[in-house]
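By written order: A, B, C and D. Residues from 1 in each chain.
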Amino acid sequence: MTTPLQEEKVFKDPVHKYIYVQDQTIWDLINTKEFQRLRRIRQLGTCFLTFHGAEHSRFSHSLGVYEVTRKIISQFERNKYEDWPREERLLCLCASLLHDVGHGPFSHSIEKTFGTHHEEWSCRIVLGDTEVNRVLRRVSPTFPQQVAGVIAKTYNQEIVVSLVSSQLDADRMDYLLRDAYFTGVNYGTFDLERILRVMRPYQGHIVVKESGMHAVEDYLMSRYQMYWQVYFHPVTRSAEVLLHNIFQRAKHLHEEGFAFRFLLHPLPNLFRQKMTVHDHFLMDEAFMQTVLMQWSFEEDPVLSDLCIRFLQRRLLKYVTLEKIDARQIEGLRDQMRSFGIDPDYYLDIDFPSDLSYDVYRPGEQDEKLPILLLDSRDTLTEISRKSEIVRSISGIHMGKYHLYYPRELLLNHADKLDKNLRKLLDL
Amino acid sequence: MTTPLQEEKVFKDPVHKYIYVQDQTIWDLINTKEFQRLRRIRQLGTCFLTFHGAEHSRFSHSLGVYEVTRKIISQFERNKYEDWPREERLLCLCASLLHDVGHGPFSHSIEKTFGTHHEEWSCRIVLGDTEVNRVLRRVSPTFPQQVAGVIAKTYNQEIVVSLVSSQLDADRMDYLLRDAYFTGVNYGTFDLERILRVMRPYQGHIVVKESGMHAVEDYLMSRYQMYWQVYFHPVTRSAEVLLHNIFQRAKHLHEEGFAFRFLLHPLPNLFRQKMTVHDHFLMDEAFMQTVLMQWSFEEDPVLSDLCIRFLQRRLLKYVTLEKIDARQIEGLRDQMRSFGIDPDYYLDIDFPSDLSYDVYRPGEQDEKLPILLLDSRDTLTEISRKSEIVRSISGIHMGKYHLYYPRELLLNHADKLDKNLRKLLDL
Amino acid sequence: MTTPLQEEKVFKDPVHKYIYVQDQTIWDLINTKEFQRLRRIRQLGTCFLTFHGAEHSRFSHSLGVYEVTRKIISQFERNKYEDWPREERLLCLCASLLHDVGHGPFSHSIEKTFGTHHEEWSCRIVLGDTEVNRVLRRVSPTFPQQVAGVIAKTYNQEIVVSLVSSQLDADRMDYLLRDAYFTGVNYGTFDLERILRVMRPYQGHIVVKESGMHAVEDYLMSRYQMYWQVYFHPVTRSAEVLLHNIFQRAKHLHEEGFAFRFLLHPLPNLFRQKMTVHDHFLMDEAFMQTVLMQWSFEEDPVLSDLCIRFLQRRLLKYVTLEKIDARQIEGLRDQMRSFGIDPDYYLDIDFPSDLSYDVYRPGEQDEKLPILLLDSRDTLTEISRKSEIVRSISGIHMGKYHLYYPRELLLNHADKLDKNLRKLLDL
Amino acid sequence: MTTPLQEEKVFKDPVHKYIYVQDQTIWDLINTKEFQRLRRIRQLGTCFLTFHGAEHSRFSHSLGVYEVTRKIISQFERNKYEDWPREERLLCLCASLLHDVGHGPFSHSIEKTFGTHHEEWSCRIVLGDTEVNRVLRRVSPTFPQQVAGVIAKTYNQEIVVSLVSSQLDADRMDYLLRDAYFTGVNYGTFDLERILRVMRPYQGHIVVKESGMHAVEDYLMSRYQMYWQVYFHPVTRSAEVLLHNIFQRAKHLHEEGFAFRFLLHPLPNLFRQKMTVHDHFLMDEAFMQTVLMQWSFEEDPVLSDLCIRFLQRRLLKYVTLEKIDARQIEGLRDQMRSFGIDPDYYLDIDFPSDLSYDVYRPGEQDEKLPILLLDSRDTLTEISRKSEIVRSISGIHMGKYHLYYPRELLLNHADKLDKNLRKLLDL
């Protein structure tokens, strides 16, 4: 059971103005060491190298997701909607707050290299020997399982899962507004208050009144813009490429028995993919940045150089490719080797749509729950069947290929390169 | 000599919308490793523990100060003011950009414990064997000296110094707006565009047209509010107290020959107060947070506990004291010792006005250059002589004393404490 | 009795985002012809001639005052404060909505010339044979009397009166934010949400928790700035002077039996000070602007010229006087007569503090209910006794004198004027 | 020839912060009586009855269009683009400022009833015996002709015309931002500064750098949203229907020789479609609202009732029709006649796309100049060929039909109506 707090607690928040905490359980969760750790993980990974304002943490975002969920539920309760299962309130709030608690530093690159997954870690923290687990168990012995179920999307009430994870969930609503605020772009702003007003619970789903269609279009357009302008920004991707290659190199060196000068616990466990929940706790972004700094003094010239590049923002340059000419790339790789530049670490092709972010794509596999419109005759229709705008966005699943390469290194060998390639690579 | 960039570079900034870079020298300075390091130092130290949005870096702020200076100068040039020494433009821009380059992690606590000073470090970086120095020397061999002179306020042109450091300087104008934006409070907002429009160079000073007096009042009121609401916030101060005590303890242990499990270079140099410019470069906030995390596993229970408290935001509680009752405090210290709680690390009195921030106080020693109003008869008057508002703010130099104490530790011994003390400490 | 609306009605509002109507009575009042008439009265009279954005109506403002009151009460109810008399809710809401319903076009000038008063008219409308009265009587036969009592500040519950009319009332909170929004100045913005959070009912008063003192200081500073920057702006005052003189002239002509070409009903009743409630309804700002346009074709050259000046914004120029030199002014009046320029209509001295607006001045006669701080020991203290800032604002009751004069007319006679006067008047 | 102003004039503007006037000609134009008259014409006609904040005038908007044009040109000059014809600067600024000077009160309804056109009137004012014309002639004898040419889109330099009138012109950029600001919706906001940065003159066109495509998409989406949410709002349209019917009725009565109690000059000229430039000057929105008020007392019950409805916002109700069932409507018309309700004035079908506003539709007749993207190979492409989003918006030219009807009048006769009709009309 949860008990209401004697006095409401309030956090000042730039996006929602204030965040209100009314339950002892929520307050206790916020004060666990695992949740406080999110202060040391940036929300947008390497994006701060493109937009210097994007230095906000997953701590802020997690509070924001909680607050949006709280607002939605409070609207449902105020309007006394019958299809809203009131007893699920605390579960929704806890799952909202905790859904990102498993994120590690620079998640995308680390997950790609070491095959971990942050949602899995969130569940491990919820279920393991942690302060978070102890707080949740105070509600009921099975409560941690329920929270983990919502995070893992296996909980048997769709309406609960969809608040935290769907095409129109509290997670996205917060991150679009928050990332727009901190980067300073104004594409991500949409009218949250209006969206909340048109949402309602209906037969086990969260649906949107048809009159709110244009408001949802506006929200989806914000999302579309944020993906292209912020999340897929090639400079951010270039920094991700660098990080990925750093971890690849370090893993490779470790496997080869390289004598690292700096190999603080739990790095060996990370390399062996044998991290415990406690190891995970230790490995925040401050730790990882310190590792990069220390590795910049390692004797392996590749590892050292890549780390220096990341810390000093000497990123790989990029060109946009309409299509990949595989033979040309292969030729370039060979030539780089002959110049003494290892293409495995200095040349990369990136296609932004294989990110963990996704645009709105109903019908594709792995899709999130779609947005349903409820009309005056109580019929439900998936939004893209009514909105040409949404249809046109859903169609746009083709990103652009980018080739990342070390321009200043190649400059020294430019005379050996083919004329077309030189033009392409601006050498 | 500087050369204009072929194509203007632009940074997206949430506060100024865009930051424009037009000179090769500025662009090169931004790309030095010493300047990029500022990304790893938070602008507001421990304030993020009070306002979770306050996670912005000194990198953002330094760009902002540069941009405000650029706007002021550009206004002076557009209006063709004769009293503006056009040849000083690049010097002003470089000094604006670099004035904070010497900041270390959690500057206030570290400076207090180890007697360093960030302005001194800024000068050492400008003058030492650094990338910054090499870029500046390309302008002219004496240029680093000039930049250091402006930062140290010894440069012989007051008008240049006052742009970077006075009661109405680019530094403050940016930090008030920026800190207000990121914390989410709206006290710090004032009409920057209007302030810029009423500033002008006059006989070696930067002055304000008398008609702009109310605009300056508004700016000073924002400052006053930000000090009370944000910079002097007792929760932020509580975290500073903790940090200070951590460093005190570690220094003490080091002097006593304690065998640290974790004592990465350059910590020993920090303890011995023998840091080099290279050591300074290594010691960013990621490093220091990693140190705190590692020290939380040291065997010394005081050091370990204080570090855990900081990382998990288990801060000391506080009460506001109208005045200090020295005897009462001394008694408490003695009793704490008898409970086995070392008061040197768990009890502290803080008076926020001894911060490195200052409110507007003309006439006190160490004051910054005052704000002068220029009336239609070309007479200069210090603003507090004309404005009652400013006069009333200038008078308010009395902060409030706060006593910080470990409430949950004392609770176990509450029965041994005097009734008045128990009431005071909410035990 | 009021009944809740089946479905909440919502107005989109730029200041409060949304305005929520939940009671049938409020909805019906908004739809009366007397309330709809407020759409045809500008909130800030002649201020649009200084700040072109200030074209918003008293309709918007009245809805805003209602909404702020609704928010305050809703906070009181949510927190279950015992000192809040719940049965007064509807009365507070109706009085908030209607307190300005008696405003006429360009109220200040008209009231000054014809001795009317808008609060009196608000009461007449509430009590007279009007749609408003009929809606109120449906609540209870004595309800109109109660509403009028609150507007006239004679109602016997101070707490109700003070919501609508005190130093910290819903009226001011809305108009500061709204006027700041529409003029585009950002001095008037303060943190409404925070102020609401620190207000509470206490022993028949609305008081402020002491911890909210700085928030109230910020609100009072906004007010101070708005008075100087917007409400006392000499260009706005110059237009008021013009209007006042137009009405003076027309009244004088009417008394002298001048044959107006255009004298639509109810103008004669206005001149005779015998307006009925129906006459008042007819006389909106569209009407008055049409009158000014038509009078610009009257044969009386003074009336015609003054009207043309107003419509085409050819205002009188002004100089600021530190103090009035009565003899000098008298001399100027005489000389103007000798030039054929009637000083009664073309020369004016204005001292902005005799406006119907007032700054915060506890202790002066006619003062509004002061702001009381409630400390942790349940003691009430008037805010200026605790805040130096508020004290300094309260002291500033001295406006500046402005002399308004027809510069371009005097230019033709400049050679006959004294040298000092020419300098003063910029001739 | 124009001369620069000695001192720049500045208007405070909520949308652009400040509006800067640097030329004597612009300053003089703003001070003409014809331009000042725009203060008495609302920018959005009847929209204030839906969004109460929408009370801003065409005066504000016209200044805003001027300012956007000034900013565009200033960017072109700063970047020294060779394809920009510098000598056209003043012409662009004047045409921007004056393009709406011919607007009358509630333009859409009046233009529809009396067959006038505001652009034609703008040209008549520019070319006629007006203060505007006199100011323009001071630049050169042919300058008024040039300005009129730009407004009429016949001027021979496309680049000049397109700044004022194209799919991406200063007019739209200002009105989207301004209407969004004053209504309080946030759909209309887009990043003006970014759009300006990607525009450039190229071979006689204004084009957009391809990298700016997403910024333009964002702008076009704002426009799309504003059309659906604001400009096509059925409540606004309902008020337009009412106004149109009022004018129809009055015209009809006038033709029939009805003895109006109130028929102030220039109403007869309006009825006869013989308005002079001077008549046009007299007929502002204050005048027209006074006419509506006076006509509410005319003896013709239809005219009187319609006017009362407008003034008291008792609008016709509406239903959305997927498609028109002509026979059903005809039947309703007949029945209304039998009830004594004239369907010519109380029943209307409206299809919002026949407004004077238009969404982006390249390829349709009467289209405005399209938006061209300039890629790195200097190829121009119309934007909808590259952007799926734009393509999808361009396709949406189908508005929705609305049937407007007097619900409360029909309620009395509901029993005589067909069951389906009753359901449709909510009777």
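In this text, a contact is a pair of C-beta atoms (placed from the backbone, for glycine too) under 8 Å apart; a residue touches a chain by one contact, two chains touch by 3 or more.
Listed by chain with UniProt protein names: A, B, C, D = HD domain-containing protein.
This is a predicted model, so every value here is computed, not measured.
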Exercise for the section: Note down the smallest number of touching-chain steps it takes to go from subunit A (HD domain-containing protein) to subunit C (HD domain-containing protein). Expected result: 1
Fill in the blank from the handout: When A-B and A-D are ranked by contacting C-beta pairs, first comes A-B
Completion exercise
Between the Cα centroids of subunit A (HD domain-containing protein) and subunit B (HD domain-containing protein) the separation in whole angstrom comes to 32
Exercise for the section: Between subunit A (HD domain-containing protein) and subunit D (HD domain-containing protein), tell me the centre distance in angstrom, where each centre is the average of that chain's C-alpha atoms. Expected result: 44
Fill in the blank from the handout: Contacts with two or more other chains occur in subunit B (HD domain-containing protein) at residues 17, 185
Practice task
Have a look at which chains touch which and call the overall pattern line, ring, star, complete or other.
Solution key: complete
Practice task
Mind listing the subunit C (HD domain-containing protein) positions that touch subunit A (HD domain-containing protein) in their complex?
Solution key: 10, 17-18, 193, 197
Exercise for the section: Name, in rising order, each residue of subunit B (HD domain-containing protein) that touches subunit C (HD domain-containing protein) in their complex. Expected result: 185-187, 189-191, 214, 217-218, 221, 224-225, 228-229, 388-389, 391-393, 395-396
Problem - Residues of subunit D (HD domain-containing protein) that touch subunit C (HD domain-containing protein) when the two form their complex - result: 11-15, 17, 31-33, 36-37, 39-40, 48, 51-53, 55-57, 59-60, 63, 181-185, 264, 282, 284-287, 289-290, 293-294, 308, 311-314
